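Provided herewith is a single structure, encoded as structure tokens, for subsequent inquiry.
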């Protein structure tokens, strides 16, 4: 998994039928020091994440292991909202 | 998933038999600010996308989860056409 | 999938038994403008491709979806020989 | 697999139900000469690794092959703690 | 697959039980011109490769398709020892 920040949304009405009722979020990857990078992914939201939240996302076939994404053509999923993230004994991020 | 722009097509008559009746599109990856990058992928079109359209594409085993691509040797699929794409409260792209 | 050019071969007599009777080709990745890059992959040939030909190759679990590669420890396969490849209305490549 | 060093933890209470009772560790990738890189991954701990330990981690679908991670939306797992790591006849790392 | 050179070993006694009796080798990726790169992977040895040998390795789910690695949390496997490797009509490598 990687840590990312939800920064936006994608709306698509014309899509494969297996994608109905899924929310697509734009997630910017964060580096290990808590900085935002230029990498991003569009992930299905499986936990009710909002724009601005720091999340964990999984990619590849593992992204189809949530109840919501099972057998769907989805290669990235937000599967957790981060509360605290600690590196080297220092808190890098704490949800308010 | 990543956001891309359909920029071309590939035609191949000699191919694995499981690939018959699939359309191969050249998709250029877009960055999170809506700029075209140098990365691309050749993806199977599962939604009737045309050249010039902005799309979502999935890669890896997830690319075989559409009805069209099931059990085929295909590692990238266009599974949605983007209507709107918003980042940081700003519209990055809107389909006309 | 990505577009590549077959530039060589690999011969290996000592190998996992499931790899018997497969041909290993060295494929150099091409960029979206038709230039050869420094990236390469060794792919199993599922379509009778020869050195010098421009091909499509799939990677990951999708590389095991051809009849030839089913259940084999193979993560890249040449699954099509490119006839024409067009980007932005211009022909990037045409097989002679 | 890659070699990494466990440098921190991530706590997340709101998550996909299949992720309950898993520990998320921040693992920094090490290069082949034993130096820490800027790449990282958040991996599930399947072997009781502590912060500071040098470990092997697997990614992708292979990360779901431990008893602990079976069928869970997890794309990275710590599956071994490194005792010794030798390159070119020299010991790069030895657990104390 | 990619071409690599076996440059070392990793020993790990505390590991997921499914990893018992597997040998972990450090493999340095080679580029298409036969030069060693800075990329590496720790791969399970399925063919009895020794340090110094040039090999083919597969990654991802394909790494679990050898008899030795079936259903194990292993994402890279050495599945062949290279005898000859030819690019552009020139021999890049020949096993002695």
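All chains are identified by letter, namely A, B, C, D and E, in their written order; residue positions are counted from 1 within each chain.
Keep in mind that, in the parts below, a residue touches a chain if its C-beta (ideal position, glycine included) is under 8 Å from a C-beta of that chain, and two chains touch if they have at least 3 such contacts.
All figures in this text were calculated on a predicted structure; none of them were measured in a lab.
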item: Centroid distance [mean C-alpha coordinates] between chain B and chain A, Å; value: 20
item: Averaged-CA centre spacing for the pair chain E and chain B, given as whole angstrom; value: 32
item: Where chain C touches two or more other chains, by residue; value: 60-61, 63-64
item: Overall pattern in which the protein chains touch one another (line/ring/star/complete/other); value: ring
item: Order of the ring members, counted from chain D so that chain E is second; value: D, E, C, B, A
item: Contact footprint of chain A on chain B as seen in their complex; value: 1-3, 31-32, 46-48, 56, 58-67, 69, 77, 79-88, 92
item: Residue numbers on chain E that touch chain D, as the complex places them; value: 7-19, 24, 26, 28, 38, 40-43, 60-61, 63-64, 71-76
